[in-house]
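Dropping the structure in here first, questions after.
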Amino acid sequence: MSQSISSQLVNLLAAFLLLLAFAMLSQRRILTLIRLFAWQGAALAVSTAIVAWSTGQTHLYFSVALTLLLKVILIPWVLHRLIDRLFVRWDVETLINIPATMLIGIGLVIFAFALAAPISQMANTLTRSTLGIAMASVLLSFLMMIVRRKAVPQVIGFLAMENGLFFAATSATYGMPLVVELGVALDVLVGTFIFGIFFFHIREQFDSLDIRHMEKLKED
Amino acid sequence: MTHIPGIAFQILQSMFVVLAAPLLVGWVNQCRAWLQNRSAPSILLPYYTLAKLFHKDAVIARNASPLFHLTPYVLFGCMWLAAGIVPVLATDLPFAPAADIIALVGVFALARVFSALAAMDIGTSFGGMGARREMLIGFLAEPAMLMTLFTAAFISGSTQLTTIVETLAHREFAIYPSLAFAAVAFLMVLLAENARIPIDNPTTHLELTMIHEATILEYSARHLALIEWAMAIKLFAYMTIGIALFLPWGIAEAGNWAALPLAFAALAVKLVLAGAGLALIETVLAKLRLFLAPEFLSTAFLLAVLGMLTHFLLLT
Amino acid sequence: MEIALVLGVPLFGGLLLALVGHKRWAPELNALMSLVSLAAAALLTVRVIADGPMTAMEEQFFVDPFNVFLVALTALVAFTTALFSRPYMRIEQHHGRVNTARLRLYHSMYQLFTFMMLLCLLSNNVGVLWVAMEGATLTTVLLVSLYRTPASLEAAWKYFILCSVGIAQALFGTILLYFAAEKVLGPGGTSLLWTHLYEVRYQLEPTVLSLAFVFLLVGFGTKVGLVPLHNWLPDAHAEGPTPISAVLSGLLLNVALYAVVRSKVLVDGALGRNFSGGLMMGFGLLSVVVAAFFLSRQKDIKRMFAYSSVEHMGIMTFAFGMGGPVAAFAGLLHMTVHSLTKSAIFFTVGHASQKTGTQNMADIRGLIEQSPAIGWGLALGSIAILGMPPFGVFTSEFMVLTTAMHEHPWATPFLLIALGVAFAAIFGKVQPMVFGETTAHRLPHPPALIPVFVHLGIVLMLGLYIPPYLVSWYRQAAALIG
Amino acid sequence: MISLEVISSPLTGSLLAVVSWLAISALALIPAGNAFLARRLAFPLSALAGLALAAFGLQAIWLAPQQMTLPLGLPDLPFHLRVDPLAGFFLMLLGSVSAGISVYAGGYFRNETSERLILIGLQYHVFLASMAFVILADDAYLFMVAWETMALSSYFLVTTDHKLPAIRSAGFLYLLIAHLGAIAILLCFGVMHGGHGDYSFDALRAAELTPLWANVAFLLAFFGFGAKAGMIPLHAWLPEAHPAAPSPVSALMSGIMLKTAIYGMVRVIYDLIGNVRWEWGMVVLAVGAGTTLFGVLYALMQHDLKRLLAYHSVENIGIILLGLGMSMVFIGFGHPAAGTLGMIAALYHTLNHAVFKGLLFLGAGSILHSTGLRNLNDMGGLIRVMPKTAFYFLIGALAISALPPLNGFVSEWLTFQAALQAPILQNGVVRSLLPLFAATLALAGALTAMCFVKVYGIAFLGQPRSPHHPVSAPGAGHDAGGMERYGMAWLAAGCFVLGLFPSSFLLMLNRVCASLTGQSLTADALTGSSWLWLVPTSSEQASYSPVIFLVVIVAVTLLTFLLVRRFYHGRVRLSDPWDCGFPEQTSRMQDTADAFGQPIRHVFGPIYLMQRQMPAPDDPAPRFSLKIEDRHWYWVYLPVARLAEYASSKIALLQQGRISIYLLYSFLTLIALLVFVR
């Protein structure tokens, strides 16, 4: 496979990633959200694999494996289990209505592209145009965290942000050094577990995972 | 040792003031009686009164403190000091630099503070009232007096009374509008400070109106005599200060002993006129209500300040 | 070797305590492990003083004047806090607020947190620094919610979410940094090593670095507690156990600021102008002013001192932002004195609220009467933190202010107004707690107050006299980052 | 090897004295503190150290400045010490006045428990030492450290009786204003510094300031030091904190600590900023005049003795400022000789006020200690219970009332003399304004006399006003103890010495001020002044001889006494008071402190914020109550507090408790920064 084809493939996957980010932003149902998140992880893994294969950066395969393991299998599974155990199957509520969120999201994408354009010029990797997309998906996940009212979607937003970051790492630099990749993965893993513990605690205390219950600590 | 004649003269002059002071009071009383169509008492009546008082046994409240006993003497001492400083007949007073006009005001203040303290010593209602009113008059009269004196001091460039008088008396004649303001202010202060109408009435013991008399209610006999005498000296001193500042002509220069008789005559004439004037004022004016006294005195203060400003305005 | 010891001891301690942390003697073991790390840190310090900067383990770790003093400080505060936590947690257990299982978690996490802090400081790899920083959040987040009260859960949740999101931005910044470094150093492990980055900092791509710095500043700045990213800080400080508040304020914020300053050095090198300084000064000033006005509204004692930490981090950020040998020196000194003073304050505050059974300041009264040591400790600590001489906080504030006055005179009125408002707020609340009729009771275990006075003693000394070796140390560090 | 010469040099000598203070304070930390030992040993020792300090200060006035550095402080800025004539003068003030107060304190604290005494001893001596370091400091850092340590140690002394809420709030207000002032001073140093990187006073002196920055520095220094000195409107802490403190501490604060503010003002404005401008003088004069009048008018309304004395401290600071302001005006117009005179007047008053206000606070302390009373309305007749205290208090009262021949008069006289130099000025407006400020001074002097007639008359004279009064209960109440009396006697002697031999102090101050203004008094003044005569400018213009003054009054008084005895008799008959024949007398018919102030309230009504409660005409047990509040609270302090509160309530809206909002902040910050980078 020539450089241009793999580059086109990566670009395609990048677009897919962005699309998924938008889909998550607009998604009302929590189970679909988890599924979308898993898809995003899969897209990330595939694109990393393509980069690894086409550039011969073998350590990226570790990254691929980690992504697959963590983000496509383990975390969605854990989240599913949690939702089963906590009976939180209801729809996702948002603070701002979804069309408005989408509009803001489009604005963000344009902003991220504008920001990334001069940097992309400098990159000599085959995936240089994807840096803007990575940044956009980070910002979109951020937006998602802001507008969601429940704890679980917020966490999914956070994890999606990590996906965006990983994508940035692979696309812009062919991946971070291995030790860092491993460390980050470990952090994500531990973090997910701690989130899980938290869901139980919160549920126990407030009988709900609605974070509106957690607005007591403030200045009056 | 060149000062010896001067020192001797200064002591003599102060003795003269001390001895002559009751006579001035007698003269003022006589004039007033005439003006009020009364038959006048003897001009020497104040002396008789003093002698009578000195002979009596003193009656003192049981709870009087040493301060009470001391005060009449302190008052007398202060007034004597004032009498020694003011150039009455001549300006050759070697000790006069010991206390300039500011210190002179200080002497009067010292006397006032002591008399007010003594008034409060026994702890009577009138005593406290007297002390309060005395200090009320004092705090307004004192700055007015200082400002008056400052006006003169600015003209002569000195705060020494002798120097001021020499400058005013022996310089070429000039009209100082600022001094006119000062003179009016000084007259008002004089009336207030010496417990005269319209501020106070030395001849009555009306409880609602008396000021100075209330402070000496508890004194009797020799103590009262000393206080009365000190008051007489104070009146004399004030009058001579006024004369020295505003009508200094005729006063003897330093070392010019020949001019003394003339100076003496001039002083006598001025005092006779001033005493009569005082009596006239006391007859013509009515006593003010107590709370108009601050107004009266602040007018004096403002006039004095105005005088001082006039001095600077006309100078530029 | 020393580095391995410094990092190994708390890691081992954390694992060990995970097994035996529920035992009766666990608090002592915890303190002992901290003591051993302190000794190791001291060894390392001696070594660095003797031999100068060094790297270890294929350059993955390094020590230079900047981080070695923070390592020593971190180890010291970790040790004294462990000493304090010994009676504190026993009393908490006595009051039934924690059980043995949670104590095990607590002790284990305490050591792991220390490990993460030291790893942040010693790691030469900017990526590992990020990992350790996130690790610090992960180790403390369950401690913040240790009491499992609704408020503590809420605080921990906010802490977790805000810090994780923040730190994710920092990761993006790190990626961008790597992206730039790769151009110069080539792909592979060395491109994220600080020592290498430092050498090539003038060749890094300025556009990328400025973008990276924004992400790094927002990311690590969240952990520093810069306004308006600070919102997790008061909640987490107020609701967690007091030893954790002490180490959060005394260590975590410093380490996060350390990361920001490290980034600043690279960005300044690349940009050749004081772009990062301006941003840091702006954030610093905003933090100082906003935190000062927050102070006067506080009712909870730990929350108030948390805002005071925000204020002081603002001062430090401002100082580092100004740059130059004096300001950087002042910033380093302020890091030292602030972490010592603030942790000392939290020690006294912890015991004070145990004595009175509340964190509500209106209900804490007359400490000096019932236990003079706590009362005086709180009074002197507050006075020190408010920047009154002869305590060392004044020394650094003096240097910051005087430098600001001739470099950025516009900033000084803001700083001074904030200092005045902070003084009125904190002192007005501390005074009635210290003085007056008492509401305090006796404690079941004797409180640990030696750490308080050791800290305050050092701070007092730094106000009057800075030892020459410390000066040369700070100077070298300041030269490195100025 | 430390030779005797080194020890006897003023700088090392005074440093040793100060260090011995610190050593005494450390002694207090030894746990086995014996209260008796602390009182009988520590305080007299500290008095000795004070005397030594005074001696070294006196010596320093006549020597060239000396400098040294200590191996402490900042890395680039070790502690610089320096004594020059100005510092020497203030060291002398500190040492000599504190000596009396320390002896007194040894007696005063006799009823304290050991623990409290240890704390008091520690704080007291740290306070003394920090004041000395303020004066000795020769760099901005040491100055600030000493300055704030002074505030802090005195704060803890003020709050000795911290269980009373009023004392706590007084302490808070005190420390807050002190700290705000310190911030301004710090800023002032920063402005003066002008970018040379060195904060030693030598560097600050050398820095050239543009007129604008010089003005800023002046205003900051004036504000900062004024806050400590208690000029309006920053005086609010003073009448709160001074009564709250134990009396020896009030004496130290009012007598000495306020003077360090004057020291700072002189040091910074004349020495460090330099190039004094006449406009500054006018600012100082205006504030000084306001402070003077305000202080005395509010003092007249007080019935708490220590509060009253505190307001008088405000007044006296105003008088000092008047002198300083005049000197600035003269110097600004290029008449340094007259400027020197004004400054001499100010510094002389500084010393005088330290002595007599110290004495008065000690006297108030003895009253409080003996009777437990601070409210004048409950006192009366104390002269019979405590005659010795009454005697010393009278001296203080006469001195503060500016009555000749005591010391207060001398400095006011000198201030007047400075004002009378006005004709040499070129500017017509300023020339005619100076005498107006003199008029305020005259008014204030007379009002002070009134106030102290009130204090003395009501506290010591008359009859006891309260049934719980010790005079009413026979055997209760006692005069001041031995050490208390020695302390008061020392200060009372100071009133006399300063009052009677002013010319030697004039010459001394001439050297101090000439070292700052560069011009001494006229040759006439220097040759004309002898031990007998005080001549500020020339003997034609003005002179004063307190000795002759006193001799004449005493001689005449004695002579009259003897003559009256000799020629008449000394017979006395004791009886009940006459009181115009008023039949029934109770002690409640006497004037109270409030009643005594009534005429003033009438005349100056609009100045006060009064709340009066008149009894109904048919009230069988009528009570009159009067509350006078300081208008500055409503004009300055409360609005500032409200403003701060408003700002903080607005800023508090930031923290809503909602995590989404917090995330939004982070998000927006990020976006904003990214836009900024673009």
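For clarity, chains are labelled A, B, C and D in written order, and residue numbers in each chain start from 1.
Here, a contact is a pair of C-beta atoms (placed from the backbone, for glycine too) under 8 Å apart; a residue touches a chain by one contact, two chains touch by 3 or more.
It should be emphasised that the depicted structure is a prediction, and the values quoted were computed from it without experimental measurement.
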Check: Based on CA centres, what chain would you say lies at the far end from chain A?
Finding: B
Item checked: Euclidean distance of C-alpha centroids - chain A vs chain C, Å -> 31
Notebook entry, point to check: Distance-wise, how many Å sit between the C-alpha centres of chain B and chain C, to the nearest whole number?
Noted result: 78
Item checked: Mean-CA-position distance for chain B and chain A (Å) -> 101
Check: Approximately how many whole Å separate the CA-defined centres of chain B and chain D?
Finding: 35
Notebook entry, point to check: Considering chain A alone, which of its residues make contact with at least two other chains?
Noted result: 115, 142, 145, 154, 211, 214-217, 219-220
Margin query: Residues of chain B that contact two or more other chains, please.
Written below: none
Note to self: Quick check on chain C: which residues sit in contact with 2+ other chains?
What the structure shows: 157-158, 161, 165, 169, 211, 234, 294, 297
Check: When you check every pair of chains, which ones turn out to touch?
Finding: A-C, A-D, B-D, C-D
Item checked: For the chain D and chain C complex, residues of the former touching the latter -> 71-75, 140-141, 144-149, 151-152, 159, 162-163, 165, 168, 171-172, 175-176, 179-180, 183, 186-187, 189-191, 193-195, 197, 199, 644-645, 647-649, 651-652, 654-655, 659, 662-663, 665-666, 669-670, 673-674, 676-677
Notebook entry, point to check: Across the complex, what residues on chain D touch chain A?
Noted result: 652-660, 663-664, 666-667, 670-671, 674, 678
Checklist line | chain C to chain A touching residues, read off their complex | finding: 60, 125, 127-128, 130-132, 134-135, 138, 141-142, 145, 148-151, 153-158, 160-161, 164-165, 168-169, 171-172, 174-176, 178-179, 182-183, 187-189, 191-192, 205, 207-208, 211, 234-235, 238-239, 294, 297
Item checked: Residues of chain A defined as touching chain C within the complex -> 57, 115, 118-119, 122-124, 131, 135, 138, 142, 145, 151, 154, 158, 161-162, 165, 168-169, 172-174, 176-180, 183-184, 186-187, 190-191, 194-195, 197-198, 201-202, 205-206, 211, 213-217, 219-220
Next item on the list: Spell out the residues on chain D that touch chain B in their complex, using ranges where they run on.
Entry: 380-381, 383-384, 390, 394, 398, 401-404, 409, 413, 416-417, 420, 422-423, 428, 431-432, 435-436, 438-439, 442-443, 445-447, 449-450, 452-454, 456-458, 460-463, 533, 539-545, 548-549, 552-558, 560-561, 564, 567-569, 571-580, 582, 585, 587, 589-591, 595-596, 598-600, 602-603
